[in-house]
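Dropping the structure in here first, questions after.
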Amino acid sequence: MKQLDFTVRSNEKLNDQNHLLKVVPSDNEQLPEMLPGQFVQILVENAQHTFLRRPISINNIVPERNEIWLLVQSVGEGTQKICEMAVEGRLNMLVPLGNSFTIPSSRGSYLLVGGGVGTAPLLFLGKKLHERGIACDFLLGGASEQNILQRSDFTNYGTLYCTTEDGSLGEKGYVTHHSVLQHKKYDFIFTCGPKPMMVAVARYAHERGIRCEASLENLMACGFGACLCCVEKTTRGNVCACTEGPVFDINELTWLD
Amino acid sequence: MQLRNPVMTASGTFGYGTEYTDFMDLGRLGGIFVKGTTLEPRQGNDYPRMAETPSGMLNAVGLQNKGVDYFVEHLYPLIKDYDTHMIVNVSGSTVEDYVACTEKLVGLEKIPAIELNISCPNVKEGGMAFGTSCASAAQVTRAVRNVYPGTLIVKLSPNVTDITEIARSVEAEGADSVSLVNTFLGMAIDAESRRPKLSTVTGGLSGPCIKPIALRMVWQVFHAVKIPVIGMGGICNWEDAIEFILAGATAIQVGTYNFIDPSASVKIVEGIEEYLLRHNIASVTDLVGAMEMG
Amino acid sequence: MQLRNPVMTASGTFGYGTEYTDFMDLGRLGGIFVKGTTLEPRQGNDYPRMAETPSGMLNAVGLQNKGVDYFVEHLYPLIKDYDTHMIVNVSGSTVEDYVACTEKLVGLEKIPAIELNISCPNVKEGGMAFGTSCASAAQVTRAVRNVYPGTLIVKLSPNVTDITEIARSVEAEGADSVSLVNTFLGMAIDAESRRPKLSTVTGGLSGPCIKPIALRMVWQVFHAVKIPVIGMGGICNWEDAIEFILAGATAIQVGTYNFIDPSASVKIVEGIEEYLLRHNIASVTDLVGAMEMG
Amino acid sequence: MKQLDFTVRSNEKLNDQNHLLKVVPSDNEQLPEMLPGQFVQILVENAQHTFLRRPISINNIVPERNEIWLLVQSVGEGTQKICEMAVEGRLNMLVPLGNSFTIPSSRGSYLLVGGGVGTAPLLFLGKKLHERGIACDFLLGGASEQNILQRSDFTNYGTLYCTTEDGSLGEKGYVTHHSVLQHKKYDFIFTCGPKPMMVAVARYAHERGIRCEASLENLMACGFGACLCCVEKTTRGNVCACTEGPVFDINELTWLD
């Protein structure tokens, strides 16, 4: 873990609410190794009501450019200020935090299911799987077409399936109703998104005995294991989502009890 | 107990120090107060345990910890060689708990002091209740004093009408120092869902929002007791630290702000050094309680 | 006393209403609590009386006012025709003061209620002291109740171990309502000059910083008494107001935030109306104490 | 008094610490009448530690452009944020607040003495005097040349005398040591600046029986008479500097007691 200043290289507005920021360490220090599923804690300056840092997933790492991508949805003051960052602006971040998705050593068929801005860590995961020669399927859901972000990036690393609530892209409905889930048999599922979605995905996986990992977005104060505020109730008791997560095997969670 | 400098870190906000080694050199600190430790392991309260508030936060962690035996066996070996004072925050629900927990710490050579937490608002029984009446504060202090030969710091609750009364009663029972303040009992509700933001409804308020009240209490207690006062509550930078020292704190603890800037405590050490140089003050002890009136 | 809506403005932050007429329509408010009024005129404390703090401010105004006779003669005529409830905040140093001051207000037709301020931290004698023990809170309430036939609201101090105790004791003496909270006793020091930022060293802390504690106290008091509770402490917007109402406040007061947005109270009235519509709630009374648990 | 949104038309950096902002009501509403000595209360958004509004004097009014000038010295977070305002940025302000300097009805010789950013209200006062056909002298003091701001504006309305502590402009020393005070006899003095300077000016005026008004910068919470925090001890007792001031006749003040 490091506390570093980053400089915003670019800030692209993807839709009304979502921005893609590409940031590099301000002093060009080499980025520490980062794994898919890990996140950063961003200090939001210039915000009147934002006291704590804000956790944001690592959306992608471009080692050649020493660059981190952050996909941010503006839902409140903190994320709004991050989305409003000017190019060349500074962001102080703690990097990298948390555990990571388990990159399987065995071959098999992999499905990455994301909803809303929960798709953020799945891009980086898909890229890493791809680098290992593992092709995967992405199943992404959103309210409508403009909410399914970074589609061309995803298709670089696998096959993209979509659902939208209004049917404007892919199949109409929720991700767990997508026909690919009926037709195809997966060995691993990774998911990140709104809790009801992840619970539905976990249930699907559990019923079929598919190994499944979910990335949680518990409220956090510190992000590095010091405050014990972010706990998730697991089969091992209360554990910190920021150090022993945010990625959990669904069998450890008590969601389906 | 001699401190290298007056800057320490507050219990429950600094883990066991290990969480911070990536961000700073622990050897720069005057001391580290480790997470509240109880006789038995505790799971703490249910999620959600945290709510952000204006210039602060509410927490309802509820003393989650693996118990004193685990501490002695697994954590003490990890931290005993840190080049700073490691102080254990002892919490409990009954006087017997406090005593039994303390007894297990007596033998630990590298633990020069314990901080008796009679002010945790986040446990159903005991905790804060001990810190809100003179009689019970005195009772638990006396019981622990009987078994503990090391430096005994008693951590006071701010949720009282007159904190000087409590301070005096633990001083009378032989406390070597008082630390204050613990968190203020507060709550927050989500207007849309109409539910409390914490699983426990109420929790402990900390951060800069409480600083003016904490500072006032430190000032009052400094004038009420003869033992050293350790001040805390919302300290973020060296200016805050100097305010507490001027009000009467011999040492200070940095709490919540560690979450926002994990190296804040070291920056405070440096800021105080610069302040002393700038004002040509030989030692920080010259500043303790040195607020100028009138 | 029937309110048009639950939004009122807090004593000492809204002058006599006249200061705000340029910014808003006073007729939109449920009521206005005018500046603390004492038997004799008071010059208040020396400058500096104010210090900004994280998400709040300290004040040490010290009940500066021209006395109740001046109020009756010169201010009452100016404000009596405002289309809202004008409530006088009665302050004092002795029981006799409170009683004598109240007696002068009894005849004023357009003053439907008084708020007994037993919680001002900014006067040397009396003030807060009355609000920090059950016996004295009861004593002053009883004395005023004897001479005052109108609606008697007693304003509680948050600087206590158990606010429900005080609330119950003034309820027992016939208070029609309790309002809470007044300011928290706090202080601030200028690190460079080493002087207190207030001429009086300590002062009253108000603003969003205190909201979590105030809200907790309103919730506790709501469950402890049968009379209506008026909630305040850091309310800035309709969401804050809804939080207090859900915690048990029948009405709320906007204080410090009036300084930042002089039309905040009207915006809160509108925000609550929209909230009720959006949630399909017939009346705000359905929300009082309606926090959902578990 | 009104609460209005203003749009920043220009923001000129005058030196390291001082900016001149020219602002107009965002909805083009006609500015209410404003008098020299009056001030505005600015809501500072995007500032983490600034809770209260910040009082700033009216530096000038350009009625043709419906424009207010604000001369702001960056001394802390609030004024820094104001100085950093972008052109087209919005500022919510309460306007106008306070009393004003007494524009004398009689002819005579007038001296306006300012120090530091306390020169701000004197420009507007000089302009108003000038409009009444009253020529005045300005005596402005600062640490060095670059701290004596808006010199060409001042010379439009009268004769400018300066002192600097380092002697880089005008006479070396403090304003009260300027030779013009020895040579010329004034009927009225108006002053605004650091308190020690104003006290010295007041003493000078008092000793010579010159009528003198000083504009105070007491700490304020509301700015419009509601909080009673800004009081100045006067011969009439404690009075609010925001409504019965910021301008006071020095004979009302207790400075020289």
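Labels A, B, C and D are assigned to the chains in the order they are written; within every chain, residues are numbered from 1.
The rule is short, and it goes like this: contacts are C-beta pairs under 8 Å (C-beta built on N, C-alpha and C of every residue); 3 or more make two chains touch, one makes a residue touch a chain.
Being a predicted model, the structure only gives us computed values, none of them experimental.
Per-chain CA centroids place chain B at a distance of 33 Å from chain C.
Distance from the chain C centre to the chain D centre is 36 Å, each centre being the mean of its Cα atoms.
Centre-to-centre separation of chain A and chain C, using mean CA positions: 47 Å. Across the assembly, chain A contributes residues 50 that each touch 2 or more other chains. Residues of chain B found to touch two or more other chains are 53-56, 207-208. Viewed as a network of touching protein chains, the structure reduces to one closed ring of chains, two contacts apiece. Applying the touch definition to all chain combinations yields A-B, A-D, B-C, C-D.
Partner chain A is touched in their complex by these residues of chain D: 45-48, 50, 81. In the complex of the two chains, the chain C residues touching chain D come out as 12-15, 19-20, 22-23, 35, 43-44, 46-57, 59, 61, 64, 207-208, 256, 258-263.
Only residues 53-56, 58, 132-133, 159-162, 184-189, 191, 193-196, 201-202, 205, 207-213, 215-216, 219, 234, 238-239, 242-243, 246-247, 275, 290-293 of chain B touch chain C when the two sit together in their complex.
Those residues of chain A that touch chain B in the shared complex are 1-3, 43, 49-53, 94, 218-233, 237-238.
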